[in-house]
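Labels A, B, C and D are assigned to the chains in the order they are written; within every chain, residues are numbered from 1.
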Amino acid sequence: MRALAAFADWPHLLPALFLLPLAGAALLPALLRTRPAVAWASALAVALATTMLAVLALVRLLGDGDYGYAMAGWAPPLGIELRYDRLSAITLLTGALVSLALLFARREMTGAGRRQAVLYCSLVLILLGGMNGFVITADLFNLFVFMELLSLPAYALVAMSPARGAALAALKYLLPGAVSSLLVLFGIGVLHALTGSLNMADVAVRLTPGGPSPATVLALVLISVGLLVKAALFPLHFWLPDAHSAAPGPVSALLSGLVVKMGVVGVVRMFDVFGPALGGAMQAFENLLLILGVLAILTGALAALVQHELKRMLAWSTVANIGYIFVGLGLAGSAAVSGGIAHVFYHGLTKAGLFLAAAALVERTGLHDIDDLRGLGHRMPLAATALSAGLIAVAGVPPTAGFVGKWQIALGALEAGRPELLVVVLGGALLALAYGMRVINALFFRAPVSDQVVTASEAPASMLVPSVLLVALALAGGLSGARVIEFILPFAESLGGR
Amino acid sequence: MLQALFSHIDYVAVTVLFCAGLYIMIARGNLLKKVIGLNIMETAVFAFIVTTGMIDGGDPPLLEQGLGPDFASPLPHALVLTGIVVAVSVTAVALALIVRVKREHGTIEFDELGEPR
Amino acid sequence: MKRRAYKLLVVALGLALLGGLLWLPPPGQPGGPVHEHVAARYVEGGTEAAGAPNLTTAVLLNYRGLDTFGEVTVIFAALLAALAVLGVGAAARNASGTGKPRVDARLPASPVVNFIIRLMAPFMATFAAFVMIQGDVLPGGGFQGGVVLGAMMILLSVAIGPDRVSGMVAPAPLGWLRAIAPLVFLVVAVSGLALSGAWFGLSDQPALGHALMVVLELAIGMGGAAVITGIYLSLAREVE
Amino acid sequence: MIEAFNPVVLFDLLILVLLIICVISIARTRDLVRAAILFSVYSLTLCLLWVHRGAPDVAMTEAAVGAGVTVALFLVVIARVGRRER
């Protein structure tokens, strides 16, 4: 542990979190254009190495608290500043999930998509670099650049599945995504016009604290709407079901597990920028998030209940769980906010495992509808069990991963004196259990109807290992709940200069 | 009010361009027209950012050219340069997707696309 | 009817937007916060700190080098994305032979156009080189030169056909040429650790800092041209 | 108000009006090729505005990228996708 800490103290560690994957992505097409298997292996190695760097960054944080880095040696606000705090620890999740998704994608590397394999690996690494950069930057415009850097590969990766509707789904994802990035840039332009600076801390200080001027409110609205489209919070979630269900298996896992969470991280960062400047008016913004969160839980859960396709059901479940996160953020008590942020971690873990397990079933049989997958549990026991366990975990049955965030948000609701929210939190969980049971029932307790199911064979190891590993972590996630909440609490308390 | 409107005439024009681009994107069914609308919105935001950095009668931020003391701020210029590159990248990916939608669905009119599956 | 609803919505959004913008300091006034805060310090720092008389290039490469690295990687990602999106199913289509013969969507060009393009090509290349190299003193810079070069290649592909243009560079070195901008930027970033003790740091001695800037300009220019030409060719031809 | 009508401001107003006319005609036209050409006119006019505003670097980029490359990409895709818009 001591050796690890020594290496963690290397002062220039932080930028490597995004420079390493981006370097890998630039080198792959040049070096390994015609050797997809080697390209896949090196991409996996780069993703694992990035995860190691994230561990080192966390070790340093535990050692001496939040720390930053001035790019090119220019102190802010002249240059760009990075800042690693407890929320940035999500870089652990990004590295790990990308590595597992790449492991899962091994089958496609040798299949019909061989020519695309190197491009696929490069785009996934750029996605990883963009996410890690987005989470640790403390400069507004840099936030926009990294947001584009993670969105662009996401659009292309959705369209990389040969399914007929994939390109259209990707375009339905791209157009609102591009407009939302533009709104964020517009908001940043307004903030720059008001303060002359781009560094988040500097802007927060220089925004006139004397009550919210209409220009500040306009900047908040522009940036928040842009980020909430990326986070797919109701009613800005319309693009998500198509994109997340049409994408190839590992890509849907990354989209629902990570990319959607980047919007949440962006909104949480904006709490710090606008908190002090807006003071009282921040309450209205938090209430709005609360109401939209509640509506998201209900729409997402009810829509998931009536879906026929397995992956589309999981996509609607993501909409509901994003609702939980924003209910936590909207309640604004430190308990509820830490619950919301914890749910970002736990839902990322659980939903990625779920999508990988579902993809294993769908890609082995070529069937998408839950009714067609009847009886598959006996032919593909491991993958089907992983899917079922994941569904239980996402519903939030204690002690699974889904339970931690929801329990903490329920506590936060009581603390804020809003008991009626308990009904929503509990109702959402029960609905999740309902649509979970529907799938489990179809998989294990119904006779097969389609011949692909009868002839199906168990998924290969490269698909099973990531999904089973993630679902196992999700099932046992609840045990680590107290420690994770305790880790996040100081960040939640200091949020927005409360 | 009128004086404020006139002194901010540039922001009024930017808002008009932004909304016109947004209208093209929403109201037009042709996917390519939507991308053109997106580009118009993007150039409107870039015009806004450059305008915030300008000084009436100011010179471009070039030192050692004997230019006046009033320099336009170089920061918005750097932002917009990066923004233009990002805009062309997103447009390139959108056009690639449009080509594939045409190849798979035979049309790029949004209302004729309906449910893909 | 739907059109009118859209118009109303857009006008409402526009008025709300304007409502906020009117509270900003009026554009063009020298006294605003934009000119007194960071921008003033860029100007005060002068050529020694910035490393280049053209402050926009200085901000792009020196003060905010990470943004430009991000930008260069975004356009590189756009090329990968275009190739990936258009390539899906191409293997199957070509293999099965069902695809219609490769239609090169070359725009019809009359001999007059061809002649003018061939005549202008060397001048455009010279102008692009000038813009790239002089980017730190006069307006212009790496990416502007790269785009002009890219535009020249696009015009050439109209005149002599996309196949001959994409045949100019063999596939193996083409991979390196397209990634040269992010890669050279990374080399400069790593060298920054040694020279000035921070990632992306252009060293403290002005001469070395200036040289690094010119290297970056050329890399961004060449890389930008290759990427833009690649994007155009991937869209113009069935598949690369 | 009188001092506002010196030639500098008039030049600005003229360009802004030209931009808005371009955008309105783009919105109305049914032919995609005309829309693309109008977009390049729009980009060049915008580039003129930025030169006047003391931003030559941005003007050069907007001219090369907005009017040049983007429109070239549009035209190539229109050639493959068809120019009529219903």
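Everything that follows uses one rule, which is that a residue touches a chain if its C-beta (ideal position, glycine included) is under 8 Å from a C-beta of that chain, and two chains touch if they have at least 3 such contacts.
Remember, predicted model here, so these are calculated numbers, not experimental data.
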| item | value |
| --- | --- |
| Between C-D and B-D, the pair joined by more C-beta contacts | B-D |
| Rounded Å distance between subunit B and subunit D, as computed from the means of their C-alpha atoms | 10 |
| Separation of subunit C from subunit D, taking each centre as the mean of its C-alpha atoms, in whole Å | 19 |
| Subunit B-subunit C separation of Cα centroids, rounded to whole Å | 16 |
| Computed distance of Cα centres, subunit B from subunit A, in Å | 29 |
| Sites on subunit C at which at least two other chains make contact | 17, 21-22, 24, 34-35, 38-39, 42, 54, 56, 64, 67, 70-71, 74, 77-78, 81-82, 85, 88, 139, 141, 143, 228, 231, 235 |
| Residue list for subunit D, restricted to those that touch at least two other chains | 55-58, 61, 65, 69, 73, 77, 80 |
| Multi-chain contact sites of subunit B, meaning residues that touch two or more partners | 10, 16, 18, 20, 22-23, 51-56, 58, 60-61, 71, 73, 75-77, 79, 81-82, 85-86, 88-90, 92-93, 95, 97-100 |
| Complete list of chain pairs which touch one another | A-B, A-C, B-C, B-D, C-D |
| Of subunit D, residues touching subunit C in the complex | 55-61, 64-65, 68-69, 72-73, 75-77, 79-80 |
| Sites on subunit B touched by subunit C in the complex | 4-5, 7-8, 10-12, 14-16, 18-20, 22-23, 26-27, 51-56, 58, 60-65, 70-71, 73-79, 81-82, 85-86, 88-90, 92-93, 95-97, 99-100 |
| List of subunit C residues in touch with subunit A within their complex | 16-17, 19-25, 32-39, 41-42, 62-67, 69-71, 73-74, 76-78, 80-85, 87-92, 171-172, 175-176, 178-179, 182-183, 186, 189, 192-193, 196-202 |
| Contact footprint of subunit C on subunit A as seen in their complex | 12, 15, 19, 22-23, 25-27, 29-31, 33, 69-74, 77-80, 112-116, 119-120, 122-123, 126, 129, 133, 141-142, 145-146, 148-149, 152-153, 155-157, 159-162, 166-167, 170, 190, 192-198, 206, 213-215, 217-219, 221 |
| Touching residues (chain side subunit D, partner subunit B) in the complex | 1, 4, 8, 12-13, 16, 19-20, 23-24, 26-27, 32, 35-36, 39, 42-43, 46, 49-50, 53-58, 61-62, 65-66, 69-70, 73-74, 77-78, 80-82, 85-86 |
